[in-house]
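Common to both upcoming complexes is chain A, partnered first by chain B, then by chain C.
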Partner chain A sequence: MRSYIIKRLIYSVIIAWGIMTVTFVLLRLGPTSPVDRYILNIAARGQDVESVRQAIEARYGLDKPVIEQYFTYMGNLLQGNWGWSFSTSQTVVDLIASHWIYSFQLILLATIFAIVLGVGLGMLAAVKQNTKIDYAASIFSFIGISIPGFWLGLMLIMVFAVYLGWFKTYYDTSYPIWSLENIKQLLLPVLALGIGELAGYLRYTRSAMLDNLRKDFVTTARAKGLPEKTVIGKHVLRNAVLPLVTIIMFDLGSVVFGGAYLTEIVFGIPGLGQVSFNAIFANDYAVVVAVTLIGTFLVLFINLATDLIYTYLDPRIRYD
Partner chain B sequence: MNNAIIKRSLASIISAAILIISLPACAAPSSGGSFIEGDVSGGEAETLNWILAADASSFAYAGYTLESLANYDNQFNIVLRCLAKDIEVSPDGLVYTLTIRDDLKWSDGSPVTAEDYVHTLKNLMFSDWLNYNYKDDWQEDTGGKKVFVTPAVVDGTTFTITRQTVQPEFIYTLYNLIPYPKYIAVKYEGDVDAFTRAKEFNDLSYTGNLGPYKFKQWLKNDKYVLSRNPQYFLGQDNGAPFFDEYIVKMFGTSAVMQAALEAGDITYCGIEPQNVAKFKKMPDINVYTVPTRGYNIIAYNQRANGWEGLRKKDVRQALSMAIDKETIAKKISLGFAEPAYSFIPSSSPWYSDNTVMKLGVAPLNDKQQAMQLLKAAGYEYTRSDGRDILLGEDGKPVKLLMVTTPGSDVVESMSLLIKQELAGIGIDVEVKWVQWPTLLRQYMMNREPGTDQEPRYNNGPRAVSDEAWDMTLMAHNTDPLAPSGSRVFFASDGGLNSFGFFNDLVDQLFQEIRSEKGMNKDDRSLMYGELARVISEEQPVDFITYTRANRGFQSNVKGIEPGINMGYNYYLWRFE
Partner chain C sequence: MTDGKPARSGRRLMDYYWERLRKNRLSIIGLGFVVFLSLLGIFGPIFAPDPQKTDFQTKNLPPMGFSIEESVYEISTGESITTVVWGNLDHPLGTDSKGRDMLAMLISGARISLLVGLLATGIAIFLGTLIGVLSAYSGGWVDNILMRFTDIMMTFPFFLLLVMIVFIFGPSLAIIVLVIGLTGWTGAARLIRSETLSIRTRDFVTASKALGASDARIMFRHLIPNVSSLIIVMATLSIPGVIMAEAALSFIGLGDPMSTSWGTILNTGQHSLDTAWWVAVEPGIMLFLTVLSFNFFGDGLRDAFDPKASI
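Up next, the complex of A and B:
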């Protein structure tokens, strides 16, 4: 197992390096320039766009050959220097260090919320198949899957913040991360991000549970006189959860890469989604490459974690 | 006796009560509270090290803590800030003498001196190592060579700037000047990387008493927090500024930002036209409609890869005549715009209403007359399905391509209206939406075919863009005080003259305005009037509308003077 993990980690580094190199080269060779967004401002000041472009590119070394820029970047990266973000005027490390926590707390809470409630309601719906509870869960899941998260976010703000005044209309970074006020203000964003996932997990859990409930080993367990709680919790759920793990981990990768971004935008949460989005529009190459690299490592790590969780959940799976 | 004592005591109590009640009325307006300005994230500043900035927001962010030499009120009257008196210009227009106040201080308590200003110019802005973006402002053309103006220290508070050529509008550049402290700047000189990362410059810790606020915190994509500067040099007599904190809060969408204003979570933000009526009904919100520097244009491609008709003045006039600007202003901009006829807005002191040709507004909004103009220009019409169809020189129906960027309801509605209006004079318009970088590179940048020229926005009259186009719908900005900056669009060598407009008279007028001939303001005004006339007649672009902005404030904010420069006195704003 250890050699498998080491091998996967080495592969991860190679894949990440490849993705970083492709991103770096594509960004530099692409048709955009950091100056694009200033053109109207430059024009309003009666300035020559070309001279401003040359000034900016010279200052940040963007006028050098791409290959030279690449080796300089790689050299710096190996020394722990991720570069300078010219659109935010700070080091990339500082930028990420001051923003990751906002994305992390949102994704973590939304995922816990979706898993706990989604799996719980899914189990309940399966056990109470064709009852009012099952129908209510189905209707809820269809609505949850259908509603776009950003729209739900806007509606939550209008109802709970503007009309009822229970919450602020935006996420306030003045509150400490570990405070009740912070937990309270995360309720709406977690709902907006988590409802869709929750609805999905509910459907998957219900379906997987129903599949397993009809299997022979369940009948055997019941025939042995095991309590219903043990049958459902230990036998049915454990078998049903394996495909769920794949889906949940896959979703986690998607959320990290983009799903949380819209929620961050709507609620004004200054997380990495916003950082990367703004960096792309500002052609802030150093930040884009760094965020891509982090995203790549996260997805590779999630994939590895998924494989390892399989071995725990299903002892038949071995990688040796 | 007792009665007398009681009476005296009562009188004393009543007098004291009257004194206490009357105290707040006599004192300066009370300070306190946080003023929270909402902005959408695209408008966030990039740096507080303002000399490196290319975006307008960075200058604005730094400006909360650093006053320039002077600014303008809503009527464009000069309001002195760091200047002790207005700039003196020598009779020959070549030497500018600037005298700063003697009570300006850096954070270490040392005085801000003329040497700081001159050092900022000579050693930073004019240096080769820093690559100041706007160095063109400080250069002049002498015999085909660009040279910097010459700053020199006279004494502790006075310095001069000497030019070799006259440029009457150079004074507006001077008013915006902000210094760097020499005692810190020398530490980083010659090392652009170190200067870029210098802590003092990135947290504005050097700003002393130069601005109403002091830097407190900046969390990117979230908020920029400033705290009251009790030492502010303009607040020594009146206690300004009056807010404890000034916060710029970023929002991902304008919808949430406006919801925050409605809920009272922020103090001020811009309001979109469609929401103005709703906010005006709210008792807690005051909405001010003010002119802006922005305008919309349709640029006509007069280069070789545009429709050949667009190279004729009469044809351009005809097209502009067919497009109803009043409808655009009233129906699309919901009344928050006014028809535009020139690059000089009506709010500018240089605007001349009686010289411009008012195409697109009655009586010069007339499709029949437009069709007559096209016929007079040598084009014929044919009828098909009951409609008049304009035929090109090749005898085929004229079909024009209009390129614009997506993402704005106003631009999309405007595009469709323009298509409809031009259909009314027999011209079929195809609207193509492309992203901004694509618009710039494929349609605006050009080069001479068959050469290895580096693409630029104006590579001369023979240059063409990679993709053919006929019209673009864009937004521009202008400087109402020095509109000659628009030469970048309309002069033959203008760096953004991507549509290929070349006119000797226009070139000459731009040159004269920025020469000795423009020194007399009345003469300059006449020259601007003539320039606006020529450009409005030539119609290289159709000036559509000047936009008006709507600013929503919580109604307890006092001291606001609505107008084009409504923030000029923001340090005097206060909560009721």
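Up next, the complex of A and C:
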């Protein structure tokens, strides 16, 4: 077990190295170098382009050989020197430090919403298999999986904010993060982001419950006279929900982070998605790259944490 | 049966799958919509007007059967007059804030969505199959390196990676197709690898090896055909994700500026939710129906190919 944890840690370091290397290669392969992007802004202000270019290249070490640049790049990332955001005039780390909380609250609330309702409805659909409730749940999950979250967000704004006037059409940053007003204005964004997740968890929980309901230990539990509540709640649900941990973690990287990025743009929430979005149009490459890298490292960290938590949650897993 | 041609048994297998698929009504509806959309995308632009043509005389025109109230400030009298504007047959689905015809734009969007969806999925599934089969068949260090690389690529959140690469390389249809194709193969590679691993140990593979078949022959004649149903199902079920990714990129302004896709229309539509709701509603409905159809069809295909599924 201990050797497994050590092995897992070393493996994560290798993946982290791979992530940084892939990013470096992509940046080097790009048709315009980061300097060119910066120079576009300089040129727009009518300064001498060539001298500025040389000065910047010297400052960022871009006149050095590629291999040396690679090591500088890795060193900078490891030391937390993630670059300078010239469009907001602060370090990228400071910029991210002041905005991450908005993404975090959105993702946290949407995920809680999706897990609670998804698992609940999935259980209900499985227990009431082939009834109207089950069919309704299945139609709902098909719609939820297929509806583009950012479009759903637009529609929610249009109906509930523009026409009905129940919500503001913009996100108000003057409310404290953990206040009731803030939670209220996050209602629509959470719905837009969470519905796809919810549908996925519903589908998974339903089929996992049905799989487990057919197992022998359920028959045994029923045969020894346990109440149906205990059979479903303890024997079936526990076994069905455990793999859900993996699915939730996988979803974070594949759907949720991207969804949150778009949801923030649609609702004007000043999280990291919005920060990256603004940086794209300001040609602020360090910020765009940093946000993607942060998302990636988060996924890596969460994967590692899940694997380690699993060793406690499921004693059946063997390590070699 | 006496001629024993393999082509015939292949034909009969197809008939068998089709019979199974046909029993799933939702799947056939999905297929029907995909066919309709393809026809629209291929032939529609021939008949439709230019989707980029602006006409400020007829801007913000509602779809046929709908009306909006429009206030016009009259300079001569200094009063604003409210008139009711009805949609008309010239622009059956209305126009946007620059007077572009919504129907023409939606048709153009259908073409782009399908083009990107099919091409990018094609690249991704091709790469995924190649890497998956190669990895499983070779084993050893080849398998190790390929799978570690897959792990690295899988750790990147898909959409964030797309945004970063399209930002670095600049937005164009070719870049978007390539980027989605070159980053979207990881899931397919893993699935096909695990499927191939189980097929590799079957007797017929050992037999053909004993007969002296080359590695390439075993891979292309025995392993890949045996995972082909999995490949088809996976391709169908990844197309909606690709279409949504393209729409999302266009929506945030990282789409091809030269073409009109559903995401681009949504981008204009989000600024006129209060004055011209249809600009944001119509492309979204198309996007939703397309994704839903591919999901229905893909689900049906999976059940049809799965001998254990009861239909």
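Here is the rule we use: the second predicted complex is superposed on the first by the 228 of 320 C-alpha atoms of A that agree within 3 Å, B and C clash if a C-alpha of one lies under 4 Å from a C-alpha of the other, contacts with A are read in each partner's own complex, and residues count from 1 in each chain.
As a working rule, a residue touches a chain if its C-beta (ideal position, glycine included) is under 8 Å from a C-beta of that chain, and two chains touch if they have at least 3 such contacts.
Everything quoted here is computed from the prediction, not taken from an experiment.
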Partner chain in contact with A:F281 - chain B first, chain C second, else both or neither: both
Partner chain(s) touched by A:D48 [first = chain B, second = chain C, both, neither]: first
Touched partner set for A:I39, first chain B, second chain C, both or neither: first
Partner chain in contact with A:T173 - chain B first, chain C second, else both or neither: first
Which superposed partner A:G253 touches (first chain B, second chain C, both, neither): second
Which superposed partner A:S98 touches (first chain B, second chain C, both, neither): first
Partner chain in contact with A:M158 - chain B first, chain C second, else both or neither: both
First, second, both or neither for A:T88, with chain B first and chain C second: first
Touched partner set for A:I265, first chain B, second chain C, both or neither: both
Chain A residues contacted in one complex by chain B, in the other by chain C: 31-32, 154, 157-158, 162, 265-266, 281
Complex interface listing, chain A residues touching chain B: 31-33, 35-52, 54-56, 58-59, 84, 86-91, 95, 98-99, 154, 157-158, 161-162, 165, 168-170, 173, 264-268, 270, 274-275, 278, 281-282
Of all residues in chain B, those that touch chain A in their complex: 41-42, 44, 46-49, 52, 54-56, 130-137, 192-193, 196-197, 202, 219-223, 249-253, 255-256, 259-260, 262-263, 265, 293, 436-438, 440-441, 456-457, 475-479, 482, 484-489, 495-496
In the complex with chain C, residue positions of chain A that touch it: 14-15, 18-19, 22-23, 26-27, 29-32, 142-143, 145-148, 150-151, 154-155, 157-158, 162, 252-254, 257-259, 261-262, 265-266, 276-277, 280-281, 285, 288-289, 291-292, 295-296, 299-300, 303
Contacting residues of chain C [partner chain A, same complex]: 148-149, 151-161, 163-165, 167-170, 240, 244, 247-248, 251-254, 266, 269-270, 273-274, 277, 280-281, 284, 287-288, 291-292, 295-296
